[in-house]
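Before I ask anything, let me first share the structure, which is written out below as structure tokens.
A, B and C are the chain letters, set down in written order, and residue numbers restart from 1 in every chain.
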Amino acid sequence: MPATLGEIAEEIDAELEGDPGCKITNVAALHDAGAGYLSFLANRRYYPFLKTTRASAVVLAEGDAPGCSTAKLVSSDPYLSYAKAARFLNPPVDFNPYIHPSAVVYENVNIPAGCFIGANSVIGKDVSIGDKTYIGPGCVIGEKVVIGSHCRLHANITLLNRIEIGERVVIHPGVVIGADGFGIANDGEEWLKIPQLGSVIIRDDVEIGANTTIDRGALGNTMIEAGVKIDNQVQVGHNTKIGAHTAVAGCVGFAGSVKVGKRCMIGGASAIAGHIEIADDVVITGMSGVSSSIKKAGVYSSGITITDNKTWRKNMVRFKQLDKIVKRFFELENNIKK
Amino acid sequence: MPATLGEIAEEIDAELEGDPGCKITNVAALHDAGAGYLSFLANRRYYPFLKTTRASAVVLAEGDAPGCSTAKLVSSDPYLSYAKAARFLNPPVDFNPYIHPSAVVYENVNIPAGCFIGANSVIGKDVSIGDKTYIGPGCVIGEKVVIGSHCRLHANITLLNRIEIGERVVIHPGVVIGADGFGIANDGEEWLKIPQLGSVIIRDDVEIGANTTIDRGALGNTMIEAGVKIDNQVQVGHNTKIGAHTAVAGCVGFAGSVKVGKRCMIGGASAIAGHIEIADDVVITGMSGVSSSIKKAGVYSSGITITDNKTWRKNMVRFKQLDKIVKRFFELENNIKK
Amino acid sequence: MPATLGEIAEEIDAELEGDPGCKITNVAALHDAGAGYLSFLANRRYYPFLKTTRASAVVLAEGDAPGCSTAKLVSSDPYLSYAKAARFLNPPVDFNPYIHPSAVVYENVNIPAGCFIGANSVIGKDVSIGDKTYIGPGCVIGEKVVIGSHCRLHANITLLNRIEIGERVVIHPGVVIGADGFGIANDGEEWLKIPQLGSVIIRDDVEIGANTTIDRGALGNTMIEAGVKIDNQVQVGHNTKIGAHTAVAGCVGFAGSVKVGKRCMIGGASAIAGHIEIADDVVITGMSGVSSSIKKAGVYSSGITITDNKTWRKNMVRFKQLDKIVKRFFELENNIKK
């Protein structure tokens, strides 16, 4: 949906330096953009492209404006302003309501007239779906599932029985919601499976990335609060609760009964141990291991970052002797001070 | 299936302090339970809820009994006793045998009368399925697969050709068993794929979590022994063997040709390198990296746990200099002792 | 497809010591092989099996030949020679071209006569498929997808709209290509989703393991270059580019906009941060965290390997004090030297 620079400036609340009548077709990256495209600079790594870009206009911060010879949309938060412009130029694609004849729909299902049910999807009995919701091909929706309106379930998604999904929820392919949690007890010889009796509740405006899994509660529910954004291949264990507007990057694993606060950001490939709490507004950097509760907002990290293999090997040897070496040091220090 | 406290006490081998005729509807968590519910205390974190719970009875250890004003079921292993009670009150749900007309069943397939084959599932030729086995919607079962009786394959599961599954095996959605292992050889310019000629054998009473992948052997088979419990998003490489009654938490990766012993517990998000052996009764804590064999039973750990980012940055700098600093220390120590 | 040792020796360019007329049925591991089987020794761990193997012949290095009493195929790279022999004895299985009647094929789709479309697959409109390509059961192929010839998509795979796949590409079950990247911007209260407008391009001869996910670009494309081999459960973020003939082991996560060079080897369970570059011919060992660019070929590592839990706990305590302790040491050293 093309627009003029003037219309975009108004929409994204940025200050335009340039021709408000200039037609913009869409957004593009600085190094890819041609005439008619709007670009942006939000990460200083890409500053060198500012000089050579052929974009018709660039969203950027005031401090970067002097380096830019095209039209500018100056913003205090260029990434957010770019996001708004991209959304304005690319409104969600409409679909034609339809139930594909190959879809299998069980009895007592509520599907309003504005919905789409894709080919070879299976909708279990007693399911209720809100209007304008799109369920793509190959999805399996269990019994008594409730899905709100304006949701988009892309394809090949599995929702087990009794799951509840809010409004405007987006779920990407391969996602499994409501599989049994990992509840087992050892009777001395073997593991007894513990019935997983709870459910999963996903609130409004949540987005869930491809191949992510969210287990049903053992007792009580696993909860994903409003506005949470979860990337691909994230594992959420039973009875974990993720607070509103928290963002979780790819490959993160939450064990069971974790309580994550509001507005947290969990870096990719991190692992969170069971039964711990993370306060509101906590940022965890990538590949961190969280094995105890975090009680205060702030930025937290763990792990070892990469070096050449030879140096790493030597340092690893020392790490494995660390306590012994430190004790020798304290002894020496003590002897000298005496 | 409701029961009386007396019946439950007998079933779970616990000592009842309270009215044996009290009717119990189901189990619930301490803070959620209302009248008619049985709860339990197995993790001391939840002790504060013991005083305020409205459960009709609580399973707990003798030492915690004085803090509990409701009826009690005193047990030497409250979690195990709770598991037994939950299983007693929630026996597996029966299904009506049925082959959905949309399922595609190839020639020479053996499906006993007690089985369920879900909508849009595909059963390849020469497949043999045991009685009372449930295969949910959207599953793809390759040729010559053998599945035992009383199994439950939930939905959207893929078993490639020639896989063997034992009895009472539970497989959650999104699982892929028998995809080719990652076998490649470099010819100087490019990677040659090595044919993956083996299979996967899953023994009785195994449970496999959502979106877990278990590759077929390159030569010989990948083996999951009896009673193994695997959580979600676990990757098992070709020719790996996991010993009986081992439990593997979520997001663990096993490279190829790993040999894991019996009754091990592998913590979530751990990674196990190829061609190593782990003895029986080994416990590996979460997010560990195992790059050499573990020859003795015991508890093993690795990784760095989380701190505030500022402290972590400083410590990381020192870690990267660790070998050099330690050598300076040894030199100093040596000079002083002389 | 059986062959004689003489034929195999010629095919794999190895020196035969033994009867060139000996019939070989197939390949097998040293400890499993019986008469009529060819085995190999490429990893010294398996040397003890060389003495007891009942294989009819063994592919091995010159140095290991004296320990082998069967026929030998002596090679300067036994693993590569074995790979060639296994490929020679196990050529790809042909399929009968067919479109299963339960497959749903939308309008304006190009499917040449040599293709196979499996049961319950869904092929979106305007899709173009090359000849001799096999698409197994339960796949969902979005609109305007282009797939080259001689590809194999096993089963239950999802390709979203507008993805491009080259020739001879192999994709294992559960793979999702082209889901939206994790692009969100915070407006102070909630996360705004940024439209993901790019696509994914997969070049020729790529192989992609089970349940791997490759996100579409935000702007511009995510690129997997020719000959790249990706194992199971790998996550590739939006706009990441993986150079030709790079191999990526299981459970690796790439954040967005990563640039990986040619011929790299990325060890399993590693995590690569966003917007960084990795040079050509870089080897990253397993479970490494890469948070800054790697500019030179070489072997790189990070992480902490496993020890017994008691030692690890003590060392961890010291790690968390490391900067403070090192500063005390420098002070002491300084005082003494004065």
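As a convention for this text, a residue touches a chain if its C-beta (ideal position, glycine included) is under 8 Å from a C-beta of that chain, and two chains touch if they have at least 3 such contacts.
Quantities reported herein were computed from a predicted structural model and do not represent experimental measurements.
Enquirer: Working from the CA atoms, figure out how many degrees chain B turns to land on chain C, in steps of 5.
Expert: About 120 degrees of rotation relates the two copies.
Enquirer: Which is it for copies chain A and chain C: same residues on both faces, with over half shared, or different residues?
Expert: different
Enquirer: Once you find the CA centre of chain A and the CA centre of chain C, what distance in Å lies between them?
Expert: Centre-to-centre distance between chain A and chain C: 25 Å.
Enquirer: Quick check on chain C: which residues sit in contact with 2+ other chains?
Expert: In chain C, residues 102, 120, 138, 156, 174, 211, 233, 251, 303-305, 307, 319, 322, 329, 332, 336 touch at least two other chains, as defined above.
Enquirer: State the interface residues of chain A toward chain B in the complex, per the touch definition above.
Expert: Within the complex, chain A touches chain B at residues 102, 104, 120, 122, 138, 140, 142, 156, 158, 160, 174, 176, 179-180, 182-187, 189-195, 197, 211, 213, 215, 219-220, 233, 235, 237, 251, 253, 255, 271, 273, 275, 284-285, 288-292, 294, 298-305, 307, 311, 314-315, 317-319, 321-322, 325, 328-329, 332, 336.
Enquirer: Where on chain C is chain B touching in the complex?
Expert: 26-29, 32, 43, 45, 77, 79-80, 82-84, 86-87, 90, 100, 102, 118-120, 136-138, 154-156, 170, 172-174, 205, 207, 209-211, 227, 229, 231-233, 245, 247, 249-251, 268-269, 286-287, 303-310, 312-313, 316, 319-320, 322-323, 326, 329, 332-333, 336
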